[in-house]
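Note that chain A is present in both complexes that follow, paired respectively with chain B and with chain C.
For the complex of A and B:
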């Protein structure tokens, strides 16, 4: 195996934080591809630029995604990375593993790939970094015969992912891992065969802490919430009072100013609470969310390309998330139908909603307008009226004339 | 050797087979958790059962050798059960308290770093960079390594008013949602791409290339059977290069990084926020990007010295005002910080009530 001198990236083996260079070299000791990846990276550092070529279509028979094609412009110099495709392996919900399963994944990858991985990619997949085109079918057969499937790429439903949820968190307002597994199974075709106008991501967080950042990076963000009163254990509140300044850290920081504490009893005006999770997350032994649990559905977030980033918009303030999740699955299909009809190629759902108007979208999926959906009403007077709108406002006025009572 | 029978559309394995018995038993019935140290926490179930978690740093880009080592450790102390976090840390799941101290000792002996829980700095969300992406204007893994070496104390022990979430995007596509981080580095190209007309004809489709440009800077160049780029409109996103390799955008002396701050994902106290641009350009300085790293550390330190307990960086800035953020940090305010793309109307000041 060729021995590279790598003075620049060697600098990144120093210091307390675990070094990815050390990892690459470890793999390079017994793997030609990883070894060449080390040399290739040193050259990037020396010349201050990358040498990868974009994409190209590679994959496995019957699937339109799950593999990201990657070639080096300088494959002659570094043959081990001439092809260096990525295989996305669909992760188990919550990123839980047994050592047995993980070792099996490693054995196969050592045999047919570079031995390098990302655990995990930012969409959630377990990313196997670097293999050759002619190994792809073999890799797929090895993994799928052992129960592992590919994740997604391209204009498809991307591999859904979630926070740890009820597996290990007291704040999970629904079963994020169960839902993610169910949606992944339900939409296998949409995951593996890209037929959308662009990518669609679904991420599930069990509460407003949003540990998978769904509000910022999922076309559909499913965020746990509740109705009803926050459950208070006053004895535990008392215990906290010796450890923290309840007035400064909790009462004064409550965004809706709906709490009070007189040194004996903590009171919450629950009607005014907006369920931000601040108090609950700081006093986890004393406070618990209310008992009627579900999720808020938000739509549309994406990174800035092309006309600026979006955070997801609240569409459905509250929905129950319960097996077999029929309501949610139907909703997702309705959303895709509308998107499919209205999107130009490479338009994310948020962009299409901006173009066509929120009304068109809400009507298509059968959701009424609600003040919970907005931060503030529109500022301009340039609104549209349909004949039906005017007719309904007129009908309301006729009704008022009869009853003698205004109804605004 | 015959290949095993391939199967399609089976989806991932069901997660239940990977859950330790204590989780299976107490699934959805957790009562509370306590952070014991920045590297360990304990979850207590309504049944009284306990689960200890030990979190260790990972470079995300890992060899199978290291994954196997994680597995060996999990077998020794955790019945073989482990998981990874959204921010790429590894977590060892301990159900027998007697195993906790021996596990921590072994991790230390093997050189694994415990930390990342609570009000400090945990692993950095990042993307591929020069390690694997065609679009990269910098290397993400190298920047992350250099940043975390410098900020390491905040991972392992030192505390802050609240969490500071860091991210690195190696180009403006921003895979990984860096646009809502407390502090993020976004790599930028800064020069109008150059078109190699001779290769254009053979390798690129005219309508695709024109359509790829978000600012409509690209128009046909019939004389060259190619395209030309309007320098007044181009903002160097690199989309044209993505669809047409003869349009070259990489420039070692001009590619660099920008720093954005004040973003937040969760809804605690205040709504999620985007990160905003405060430093428009720092040259790429591999292997350790000293100036970018120093800038991040400086912002963390000014935040630590000035924010109130529980205030995230963006909440602190909103309380004191952006003009105060610039004066406290001593960061020069530049034209690049004034939005001239999609958000100008929302971001200009419309009252005379600012601070000096």
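For the complex of A and C:
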């Protein structure tokens, strides 16, 4: 196997964090494709060129997605990456695996691909990086015989994804995994046979903590919420008061300023609460969401391609999410019909709503206008750190290194 | 109309657009159903049967998917011709 000298990407192995370069080099010791990928990457850094082409006609028979064709322009120099297609596998809802299942996935991938993976890609799928065209049908046969299916790509319903939901989390207001599984089964055709103008993503979060960041990157965000008053255990509030500064950490940080605390009793003006989950996630024993639970449905977020990035817009303030999810499935179909009628190629639904107007969209899907249909209920999709934040993280990191004890 | 005849019409529709326009599934379904005065679902079913056996295929470029007539290279790779 050819040995590459890689002074530039070696820099990415320095520091205390895991390095993808180290992992690529490990894989490259026994896999020609991974080895050439290392040499190829070094050349990309040296020449400041990408060399990758993507798209085309690779895939498995009958499916329009799940494989993304990638080719290198310099395949003669690095034959292992001349074809370097990506295979997406549909992940289990909530990303729960047994170690046996993961081993099985990796064994097949070691045999037919580069051995490199990205678990998980931003869509949610298990992403297997780098294989050749003539191996695709065999790979598909191997995975499908063990119960796996390809994920989605192209102008299709992308593989639905969700947070861990009720599998691990007490704040999940509905069964995110159950819903995601049901939608995946219901819309198999839309996942595997690209029929839309562009991609459509559905992401389900059990609460407003939004662990799958659905509000910033899903065309349809289904975010758990509740109706009624936040449940308060005043005795537990008292316990928290000895461990934290309730005024500074809870009351003053409430985005709608709907809370008060006089040192004895915590009060919430629930009519003003916007269900952001901040107080509940900070005082887990003292506060619980209201008893009537369901979800808010938002529409239209996306990353900044074609026009700028968009955040989701509330269209259904509250809906019960219960099996067999008929109301939700019907709504999704109506949304697709309107989008399909109005979108030009490569226009996401959020862009079409921007152009045609929310009024026209709501009329078409049969949802009445409501004051709760707030545009961009959360303003910024990014986190910004101040210089003080960075200094405090560095101090914490230095202390952890010194003591060997990690503070989470 | 017999399904084989409908599939020939679909094939001709896709062939006519070759090199001019990338057709989405919906373009074909709408176009052929209007041209042949047929239900969109019938056209969709016939078209998908063609995709399943490699008479048509999905393609992808610039972020969007389309339906095309497969190349000989593709058919050979799938073992559909020698």
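Note that the second predicted complex is superposed on the first by the 373 of 408 C-alpha atoms of A that agree within 3 Å, B and C clash if a C-alpha of one lies under 4 Å from a C-alpha of the other, contacts with A are read in each partner's own complex, and residues count from 1 in each chain.
Following the convention adopted for this analysis, a residue touches a chain if its C-beta (ideal position, glycine included) is under 8 Å from a C-beta of that chain, and two chains touch if they have at least 3 such contacts.
Everything quoted here is computed from the prediction, not taken from an experiment.
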Chain B versus chain C as contact partner of A:154, first or second or both or neither: second
Which of chain B and chain C A:354 touches, first, second, both or neither: neither
Which superposed partner A:322 touches (first chain B, second chain C, both, neither): neither
Which superposed partner A:195 touches (first chain B, second chain C, both, neither): second
Which of chain B and chain C A:134 touches, first, second, both or neither: second
Which of chain B and chain C A:208 touches, first, second, both or neither: first
Partner chain in contact with A:104 - chain B first, chain C second, else both or neither: neither
Chain A residues touched by each partner, larger count belonging to chain B or chain C: B
Which of chain B and chain C A:63 touches, first, second, both or neither: both
On chain A, positions contacted by chain B and by chain C: 55, 62-63, 137, 305
List of chain A residues in touch with chain B within their complex: 8-9, 11-12, 14-21, 23-24, 26-27, 34, 37, 41, 44-45, 47-50, 52-55, 62-63, 70, 84, 86, 90-103, 105-106, 109-110, 115-120, 122, 129-130, 137-138, 140-142, 144-149, 161, 163-164, 166-170, 172, 175, 177, 181, 184-185, 188-189, 192, 208-213, 215-217, 248-249, 253-255, 276-278, 281-282, 284-285, 303-309, 311
Chain C contact footprint on chain A (complex, rising order): 55-57, 59, 61-65, 68-69, 133-134, 137, 153-156, 193-199, 305, 340, 345-346
Residues of chain C defined as touching chain A within the complex: 22, 24-26, 48, 51-52, 54, 57-65, 68, 70-71, 74, 77-78
List of chain B residues in touch with chain A within their complex: 3-15, 17-19, 23, 27-28, 30-33, 43, 51, 53, 57-68, 70-72, 74-75, 80-86, 88, 90, 112-113, 125, 127, 129-136, 139, 141-142, 144-146, 148-149, 152, 155-156, 172-177, 179-180, 214, 237, 239, 241-243, 245, 250-253, 255, 265-270, 272, 274, 284, 286-288, 309-310, 341-343
